[in-house]
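Every chain is named by a letter (A, B and C) in the order it is written, and numbering of its residues begins at 1.
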Amino acid sequence: MWKFLGKRLLQMLVTLLLFQAVTYFLIDAQPGDIADLLAMDPNIPPNERARLRAELGLDRPPVERFLTYIGNFYTGNLGVSFEEYPTKVIDIIKERLPRTLVLFVTASIVSFWTGFITGKVLAWRRGGFIEYASTITGVTLYTVFTPWFALMMIWLFAVKLDWLPAGKFLDPVEWLDAPITANLVFARMIWTALAGLVVMFAGFLLSNRVERRYRTGLRLASVLLPVGGVLLYWWDSGLALYGWDILSHLILPVLTVTAIAYGGMMLLTRTSMLETLREDYIMTARAKGLSEKVVRDKHAARNALLPVWTGLVFSIGGSISGGIITETMFSWPGIGLALLQAAQVADIPVAMGAFTLLGVMTLVSHLVADVGYAFLDPRIRYT
Amino acid sequence: MMDNVLDVKNLTMHYMTRKGPVFAVEDVSFSVGRGESVGLVGESGCGKTSIAISLLKLLPENADIKRGEIWLNSTDLVPLSESEVRKFRWRHISMVFQAAMNALNPVYTIEEQILEAMEQHMGYMSEREMDDKVDGLFDLVGLDPGFKDQYPHQYSGGMRQRAVIAMALSCDPDIIIADEPTTALDVIVQDQLLKRIRKIQEQLDMAMIYISHDVAVIAEVSDRVGVMYAGHMVEMAPTETIFHYPTHPYTIGLMSAFPSIVGEKTELVTLPGEPPDLLNPPPGCRFHPRCPYATGICKEKLPEFKEYEDRHYVACWHPGGEK
Amino acid sequence: MMTTDAKVTRVEYVPLWRVRLNLLLKSVRTNWALFAENPVGLVGLGVIIFFGLFALAHPILMNTVWEPRIYHPTMGYDMEIMAHPSGPSARHLLGTDPLGRDVLSQLMYSTRYEFVLGLLSAIVTVLIATTIGAVSAYYGGIVDTLLMRLVDLVIMVPFIPILIVMSSLMEVGMLELALIIGVLSGFGGTSIVVKSQALTVKVKPFIEAARIAGGGDAHIILKHLVPNLTPIALLYMMFVVTGAIFSEAVLSFFGLTTIEMSWGLMINVTQTQGYLMNFRTWYLLIPASLAITLLCAAFYLVGRALDEVVNPRLRRR
């Protein structure tokens, strides 16, 4: 198991380096000196420009330049933004990364879970109106033009119903006399949420190992306790209002990305279930006198999960793309929006930094998915 | 019939397909006594597997039992609902499937899958008792209990077959249906397994229906043999009788199709033609197009399955080939 | 004896090409029947045909009923209407955009480019993916490893960010876009699927037979392997088209392409002129968005229906 993990980690590192090499030389291959691209911004005063040139090694032969670039990258020096000179690219990324991560991770998990459950139930009942209706819904969500969908969500929830804000990270008016910065509040939100989830997860794992009669009670406790604890913390800290402001701005973007990813998951699960249902062990399970629900969930769905999980790997790219579009539509200040804005004004350092980071995110997601698959399929683990 | 585990009466089952109904099982009746081993033999598509899945009421969506009764001990399974039948499945009647390789779920260990069946039906047993029983089952089928926590893909073909048999025995059923359990194995393993199956069956005094297209295998494991053709049961008799005194023309052909390694060399007898298309079966006796003794009545009326001699049933207008 | 004499039938001489033709027609008919079983696929096909006619109608209209001065999609301007954008009217069925151009004309004009883009990307993808898949499966070893690493690399980064970055480095027009999308898709997930299929075909007896009969590598790959990969490649072609149309729309919407007229661009103009969230100018946003969604969905549905033809296990009994 660990050997497998180590091997994959190594592969990931190699792929990452290759990726950076390709990206780097992509820019290098552009007409014009890369020095021009990275440092010749008229906003930068000349002596700064010279210093940058030296620091980034722009007056050296290509291979050395590349190595300097890599060295700089891994020590956190990604250059300086053109647009927002003299802000360092790394600072921009540090500020924006958590926001994109929250969006991406939440949407991925929720869409996978809901899509899988729906697809599983729908596959069990073939034919009829339900099948066509769900196919149409799934396909629509999957292929709808994302900006349009985002606009419709905004129009519905923010304009018509006025339940949620229409975009951006927070409402500046609310924060005029805030004791700490929004980024810190956001960071705390993430930590408390993670802590709560860990407790919940641990509780569920534990509940599978105790005797049957304690299970429901334990599960209930492992949901209520963390939720209660988190709410208590926020109430006590006096920051609840600020937390809520951020949260309310978070809901709509997350909902949008989730809804779109949901369609694909649901359709894939249904297809996978249909294939699994043809297997012989399904008939064995029924012959054993197990209830329909157990056959469907414990036997069929558990095996149908495998191709769906693989499909998740493929859909990560789409989720990230969808995330970029959503960030743009909602003016959610994350990495995706940074990339787009940078591209629109040819702010190469920021564009490169954001792009590389998205690549890293994809790579890590792939790794997690691959490792996850090994957990799910014993045939991979023990061969 | 006294003390029968299984009593099947006039079982009729059809599949609905795009092109119309397929008359897979037609008016089949037979019974299995306690501790008795009945063999069902016939070519592919003659209805033997269809009978098997009907007995457990494991019918696919497009199949229906049209008529008949299936008496398991003292309960007729046919009118029961799905949830009612579940109580009987595995606990009183279990099955070893054809190509049992794939009958095991790849993501759970063998132990987990056997325990699953036991937890469902034998919930009164403690965890310790269940574990011991699993070990016992493994010994019974000739597997090392040390391997019980492994996954199906880690087992060889023969081992998987034994595991499936162990699983089928786990709830002490009254009758077990074995549908071609050794077909996919090589002959040596097949031989070992057959001997073991026979031993288990006699040891546990368990009733068994053994389905196969291989007449030689049937001969080795069965007390009585039923011959199926095109959805009908055409002959049924104790094993000796079937082999030495076959009466239905199809059975005669079937038995003569085997070259004997002892005695004189005789010419191999073959049956011309093919089994009928069950979408459009011929009228009257379904065997008449291939039967050398067929006469006018064979083409019009279906012969009844009735007693020809003591415990020897045939469905034929000219049993024994008499004209 | 229970045997009977077999009847000897006379065999007529039928030329080989005719036999092949009949087989082809028969398989087309069976596949069509399978495809048609699924109404979802038929709906998709219907939508595609509709858009095809839609695209064809434009030049006809431009040459007959519509006066180019007013109805030209990029340069038309209707001076008889005071304020642009204007709502649907008898003169302009879907109104005019902020620059005074007829919306319906724009919609129809863009359609042909969507098809061209989709087709071009798909062809490039299929060529690349089939080559990679077949070669990788056939030769195995180091060739396989290298190609698969390359594929991993490409899969690594999603489309849209790459396109965004590319647009900041160079001018992205229709051709460049099609090529980039085609190459990226070809080197991506599609080739993995094709390779899996190729692996199952490679071990079939007829490949061995061909080799024994003296067939060289190229011959086997081209004449035996590739034809068996065509169904699955065609299937994924549909999904590539969906992706291509969608990507172009997003990119044009962001204003990152140099394409002169497309559905995405229509929405971009709407946004830059400030009419995006305006409910009264719905005709600026909804027709274009609907067109994108419908055409993407149509290709996807056709793809799924083809999936049932290609993959027998998904069929209902």
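Quick note on the criterion: a residue touches a chain if its C-beta (ideal position, glycine included) is under 8 Å from a C-beta of that chain, and two chains touch if they have at least 3 such contacts.
All figures in this text were calculated on a predicted structure; none of them were measured in a lab.
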{"item": "Relative to chain A, chain with the most remote C-alpha centre", "value": "B"}
{"item": "Maximum inter-chain contact count - chain pair", "value": "A-C"}
{"item": "Computed distance of Cα centres, chain C from chain B, in Å", "value": "52"}
{"item": "Distance between the centres, which are taken as Cα means, of chain C and chain A, whole angstrom", "value": "28"}
{"item": "Inter-centroid spacing, chain B versus chain A (mean Cα positions, whole Å)", "value": "54"}
{"item": "Chain B: positions in contact with at least two other chains", "value": "61"}
{"item": "Overlap residues in chain A, where contacts from two or more other chains coincide", "value": "126"}
{"item": "Chain A residues touching chain B - in the complex, by the definition given at the top", "value": "126, 279-281, 283-292, 299, 302-303, 376-379, 382-383"}
{"item": "Of chain A, residues touching chain C in the complex", "value": "11, 15, 18-19, 22, 26-27, 30, 126-127, 132, 135-136, 139-140, 142-148, 151, 154-155, 159, 267, 271, 274-275, 278, 314, 316-318, 320-321, 324-325, 328, 336, 339-340, 342-344, 346, 348, 351-352, 354-355, 358-359, 362-363, 366"}
{"item": "Chain B residues within the chain A interface of the complex", "value": "56, 58, 61, 82-83, 86-91, 94-95, 97, 99, 102-107, 116-117, 120-121, 150-151, 153-154"}
{"item": "Residue ranges of chain C in contact with chain A within the complex", "value": "39-40, 149, 152-153, 155-162, 164-165, 167-170, 189, 242, 246, 249-250, 253-256, 267, 276-277, 279, 285, 289, 292-293, 296-297, 300-301, 304, 307, 313-314, 316"}
